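The letters A, B, C and D name the chains in turn, as written, and every chain counts its residues from 1.
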Amino acid sequence: MKSKLKSDNNFFYKYLLLWNRFKNYKGGLIGFYLFLVVIFIALFVPFLPLCDPYSIKFQSFLPPSFSHPFGTDEMGRDIFSRVLWGSRTSLSVGFGAALVSSIVGVLFGSLAGYVGGKLDELLSRIIDIFLMIPAFFLILLIVAIYGSSIYYVMLVIGLTTWPSTARIVRAQILSLKEREFIYAQKVIGSSTFRILFVHLIPNSIQPIFANSILQVASAILLEAGLSFLGLGDPNVVSWGKMIYSGTSYIFTSWWIAFFPGIAIVVTVASLNLIGDALVTILSPKTEERGAYA
Amino acid sequence: MEWKDYLLRRSAQLLLTVFFALIINFLIINLAPGDPAALMAGELATKEYIEAVRERWGLNKPIPERLVSYLLNVLQGNLGYSYTYLQSVSTLIAERIPVTLLLTLTSSIIAFFVGLLLAVKTSQKAFSKVDLFVSNVMLTIYSIPSFWLGLMLIGIFGVALRIFPTSGMVNVRSTGSGVFLILDIAYHSILPIVTLATIQVPIYYKIARNTIVEQSSEDYVSTFLMAGMSTSSIFKKYVLRNSLLPPVTVFALHLGYVLSGAALVEVVFGWPGMGRLLLSAVYSRDYPLIMGIYLVTSITVSLANFFVDILYTLLDPRVRYK
Amino acid sequence: MNLLELNEISVEYQLGKNNILALSNVSFSMYPKEILGILGESGSGKSTLALTIMRALPKNARIIGGEVIFNGKNLLNLSEDELNSIRWKEISIIPQNSMNSLSPVHKIRDQLRDILLLHEPKLDEKEAINIMEEKLRLANISEDVLDKFPHQLSGGMRQRILIAASLLCNPEIIIADEPTTGLDVVTQYQILKELKNLQSAKGFSMMIISHDISVISNTSHRTVVMYGGKVVEIGPSDSVVGSPLHPYTRMLLEVQMEISKKTQNELHSRTNFNKLHKSVGVNFAHHSGCPFVQRCPFATEKCKTEAPTLLKVNNDHYVSCFLFNK
Amino acid sequence: MRTSIVGAVIALLLTISLTSPLVVSQGLTPKLGGTLVVIQVGDPKSFNPDAQVDDMGFPIFQNLFNKLVTLDIDYNIIPDLAYKWDVSSDGLTYTFYLYKNATWHDGVPVTAWDVKWTFETINKSKGIAYSWIKASNIKSIDVIDNYTVKFILKQPFAAFLSFLGWYGTFVMPKHMYSNYSDWLDPKNPALQKPVGSGPFKFVEWVKGDHVTLEANPNYFKGQPYLDKLVFKIIPDANTALSSFLAGEGDVLAVRPPFSEIPKLNSTSGVIVRSRATPSQWYIGFNLLRYPFNDRTLRLAIAYAINRSYVIEKAMSGYGFPARGGYTSAIKWAFNSNAALPNYNVTLANKLLDDAGYKLGPDGIRQTPNGTKLSIKYTYFTTGPETEAIGVVLKEQLKKIGIEVTLEGLEIGAWEQKVVKNRDFDIALCDGFQGPDPDNMRSRFALGAYLNFANYSNVEYYDLLQNASVTTDFSTRQKLYWKAQEIFVHDLAYIPLVDLVAFYIWKTEFHGLPWESAGKVNYNSYALTWWEKGKSIEPEYIVFLKNNALAIVIVLVIIIGVVVAYKVTKKKWSGKTTS
């Protein structure tokens, strides 16, 4: 409560405040801890005492056991190790795509919002058009015929999901640019570039933050869907791809498709829980209610 | 007058969107590496033979020329002929639409009502343990990949318990007619519909719950409360009515994806719908068919958006024509 | 004789893990046929007060003590049904005007009728409409609005509808919560005048809640000044405005004068408005001492540890400050 | 252990093959009626059987149409519309004598004019068989009379009959097509509702779900036993399998996941049979690109690949390691002496060391030119095996210091990149190598479109070219054998796996195409019948036949009792009388 007396513009302080409020959301907190576990695994999996996820030296179709907690797959690879390694692929596709989407979205959105006029009209129209193209079919087509390396998948997902970010940023910038501090910057003669990148965009980041986390979640699901259609990158371990190959053996070796699916659910749910809590916290309604009481 | 202008402007926008979507798709498809003629010609074909196939389908012409003639054809309502099915694309698509709609529409409607009902039940005790629990469970369900859920349902109900068929739309051995055919299709559609509905319930639940919670703390609620109205009457008469619009909007927007939204589930359940038609078209490089499916799906999405906007202006007079 | 009597009311809000005291031992009475003004800045607890009387507090609020006596009955002890028979019929409220004080998707007619029929279930359609139209005329607004939606009306019209709504069942007490907020100056003036006229014509009692000292001084017979959830000064309006006792009341008057010196433009400028509010931040966190201690120019050590009580200074004029505690 | 698994699988394959249903069906006579549901992967493209490649339509066409001659399950040429044929001694003239009672499903007789029209249209409209029957090599098609037709070739073509019996050579009804200038004119109803001459007639096609045929009572070789033949379309192998197990199909023509085969084999009421097919998985090197033009490198790679291990890991053990330069399934043409290098990592490493491919610090070799030996394996994503083969190759080539990355492409993109642009290092391909070894010429030889490795050994080309015009069987065989020796020496391509085909069906059906060698084509259900159908003979005769033993026993007992009675009666009466 004393926070009000401190500077409102302190970036890190803002996030500390955010965290203080976030802590009260149990679901979000659970999601956050789950996510820490997933991140930990993704970062440190090379140092964990695991079998080589690519090695095909084991017997195929071993059911879960002490030495292979999740069993082995059709080529004799250790599924436990593959599930853990798969976190890297999923997270990098998720974050990569969300990053691409955020960069493009922020650029388009802030330009449209700040410059306004004809340009805004044009960019808004482009955003509308992109919003109305069925993204999954488009991604599917591009990945199917142009190739399926994970960088490609990231890029394509990012480039087809940016419009929602752009919309949020545009609205944010529209309301921010009328504020006094921006007016002050204009009066003292700051360049448009400076105003945009130093003042406007950093101040409109918070709402995008929640949206981006949800985008990471949906990108992970998208990648899994693509891999499930056999369109994943063969050089990395991907949960969707594991489910795809497990589909063939669902009758006899359920564990091949089961565990990667659980991994997806856990990862995506953790992100959704965090994102949902953030959306609730950051929505203006909640803020109003907080102030009212 | 204002209304008429708005309608006109919005329609123009709709056409523009579809037009651009069409061009983008055309370019993506036709600039892609790979030669449909070579695929059509088969493995032991000679070069001369492939050239003949290319000529037959007009693939030897330059891309701008193909684009223009395609657009002209579309304007006349001609989506062209499928390379692989040798049938008009519109017939092929028209055949698949009801098949897919059966899954998507039914599941969306079920999901809408289940989500709404759950939301009504839990939102009256907003922020209670039950409410938070249900909310988090919903978020978790929302995180399940549809194809995986379908696969697991097949594993449990189709393979282990043998209660439901695992694939297809009818039992071919005894293709019935009339009521029996309908029952057979209904029976085959249960698992895919359950899968699709489960995935969608959280969407409607979330929007309905949040709206109801939000509406429950609106000023008019305390106005009526202070006027002596019981909480339950306020909820029934006012809160619910005020909370309907957002879920209905989401529902309507989702209708835009009725054709493309079930692709993965169709694959899992061997359901002969649009999604599978597209996949097979992509793999056999059936350009006219791919284009046709994209066109139709873009139109549905745009139309859904269009109607939502129009409905909004009709249902919620707060919205002004922008 | 007191029409309404508030005794030692305390209300707290639960915010996360913290409990915040919004009203602390508030006591005062309301006489028949008077206009009582409640003056205080946002956060002073004045709206909470209105909601407490109506027992319509939000879910995270809790009445921790005190009583509201009306016609010899403690409203806080009544069952929901008993209460509902008093609400609107005996005590009605003109809620704080906002876009959504009325349901945005229902016509005015339906909403007013629902309220009316709650208390007069025997009325037939025509009688109900007659009553509604009559009240609308009283509130100086045409009957056409019955077939409109709230958003189709201007702020002033909505306010008038809320006034008409409050009159529906001819209550003895009407509580007007910030009746003029968000309206332009001309409309403000008109509405206040009409309210005053109505009161004198109909003879009900009215409680006007406002942060605007001029609203209170122009309308009310007596004024209650609140700060930080406590009553700091009570007295006849002339006396409170003419010779304010409490340092806070004095400060409010000074701010008011400063503002009136400035141009109209600046008055409406958001910046100034925000600044004013920012500088008058309220600290709820205290549980002992005077709520105003942090901003009081006359604060002593005693003020930090002990809470002053209401003390009669002269005829009907009470103040809660150690300055007068001689 | 690896060998033991392969051994076990081969043993299993043998037992599957040996436990022939013929044993079961012996002593039973065919019955009439019933529906056979064949589960297959996809929809036919159209019902013009000769216009386009259509692997999904083909098994259906095989039941709807007839060719002049056809191939049975062993790829032997057997009569179809032609009950006999003559080949002139110079190999230039082929005369076919047609069945006189053959009619189209609409009642119009099938004549030599239909044959002439079909093959002239294949030539003119570039039908799918244009390439392999060498349509431009046909000088003329002469109708001798309504039921005799003569093909005159410009040059001898030894594989002509085999290819005539194979694919895209169905005789089509001239009267249905002659009104349209284009045989793919979408307005032609015959493209959606075909009129054939085969044992089954078309009923309906529900796209994405099934194609239904019914028995043709007027079939010139006699009415088939079944009432209905349904091709149920299920693209996904698992769902196909589960539908089959759930009783929704009788013949599973969608290959189930390998892991399910032992289980299927032990399911009661289900028969699994397997046989080697003339199809192979092979990899090709980009000979236009350094260092793959170095034979030593290719040889080392060939030594480094353990083909049995590939089969074990990538195909769950189902398949036979490729042995030489051609598929071993076409026995007469296969040269077992032209053997591929046998797995030998030490030798492979030595070859590379000697040729100057030095190991780098990261365990990856460098070419003599100093570039890293990191190669791309380009495959098409039509099924899980293509990637799995890559995973195994990656692991195996790692042992000789070659790094492999996988590049999976949709088949059209693969075709563009590999075949057309030659932009690859090594690529995986598969394909049918029958019905005649002339296939090698269209696949691997100089100038062939599919020769993506750019293999251009002129000697190899000449041998195949000669063989294709040689009519003498043993000369031809020798030419092919020699060609295979060159092929395995050059190693532009390394064959990996001979594919195994599975035949999976319900025991209650008999006389399936793979049980009817020498009688019907390898997809024809004309002789298939259902145990639970109606008997052809009157009920009482069947009853007598089926219960002959019991009847005899009962009769014997009755006679015995009577005789015994008589005898004892005599005795008794004898006693009393005596």
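Methods note: contacts are C-beta pairs under 8 Å (C-beta built on N, C-alpha and C of every residue); 3 or more make two chains touch, one makes a residue touch a chain.
Just so it is clear, the model here is predicted, and its values are computed rather than measured.
Visitor: Farthest chain from subunit D, going by the mean of C-alpha atoms per chain?
Guide: C
Visitor: Name the chain pair with more contacting C-beta pairs, choosing from A-D and A-B.
Guide: The comparison resolves to A-B.
Visitor: Based on mean C-alpha positions, which chain is nearest the centroid of every protein C-alpha shown?
Guide: Going by the distance between chain centres and the overall C-alpha centre, it is B.
Visitor: List the centre-to-centre spacing of subunit A and subunit C in whole Å, with centres computed as mean CA coordinates.
Guide: 48
Visitor: Between subunit A and subunit B, tell me the centre distance in angstrom, where each centre is the average of that chain's C-alpha atoms.
Guide: 23
Visitor: Between subunit C and subunit D, what's the gap in Å when you average each chain's C-alpha atoms?
Guide: The mean C-alpha positions of subunit C and subunit D differ by 90 Å.
Visitor: Which residue numbers or ranges of subunit D touch two or more of the other chains?
Guide: In subunit D, residues 236, 238, 242, 410, 412-413 touch at least two other chains, as defined above.
Visitor: Among the residues of subunit C, pick out those that touch two or more other chains and give their numbers.
Guide: Residues 58.
Visitor: Give the residues of subunit B touching no fewer than two other chains, as numbers and ranges.
Guide: 32-34, 154, 159, 217, 267-268, 282-283
Visitor: Hey, which residues of subunit B end up touching subunit A in the complex?
Guide: 13, 16-17, 20-21, 24-25, 28-29, 32-34, 132, 135-136, 139-140, 142-148, 151-152, 154-155, 159, 206, 214, 217, 256-257, 260-261, 263-264, 267-268, 278-279, 282-283, 290, 293-294, 297-298, 301-302, 305
Visitor: What residues on subunit A touch subunit B, complex-wise?
Guide: Checking each residue of subunit A against subunit B gives 26-27, 30, 125, 128-129, 131-134, 136-138, 140-142, 144-146, 217, 221, 224-225, 228-229, 240, 243, 246-247, 250-251, 254, 257-258, 261, 264-265, 267-269, 271-273, 276, 285, 289.
Visitor: Quick check on the complex: what are the subunit D residues that touch subunit B?
Guide: By the definition above, subunit D touches subunit B via 35, 37, 42-43, 45-46, 48, 52-53, 126, 128, 130-132, 184, 186, 191-192, 206-210, 212, 230, 232-236, 238-240, 242-243, 246-249, 382, 410-417, 419-420, 431-432, 439, 442-443, 449-450.
Visitor: Can you check the complex and tell me which residues of subunit B touch subunit C?
Guide: Touching subunit C: residues 217-220, 222-230, 237-238, 241-242, 245, 316-318 of subunit B.
Visitor: Looking at the complex, which residues from subunit C come into contact with subunit B?
Guide: 51, 54, 56, 58, 80, 83-89, 92-93, 95-96, 98, 100-106, 114-115, 118-119, 149, 151-152, 162, 165
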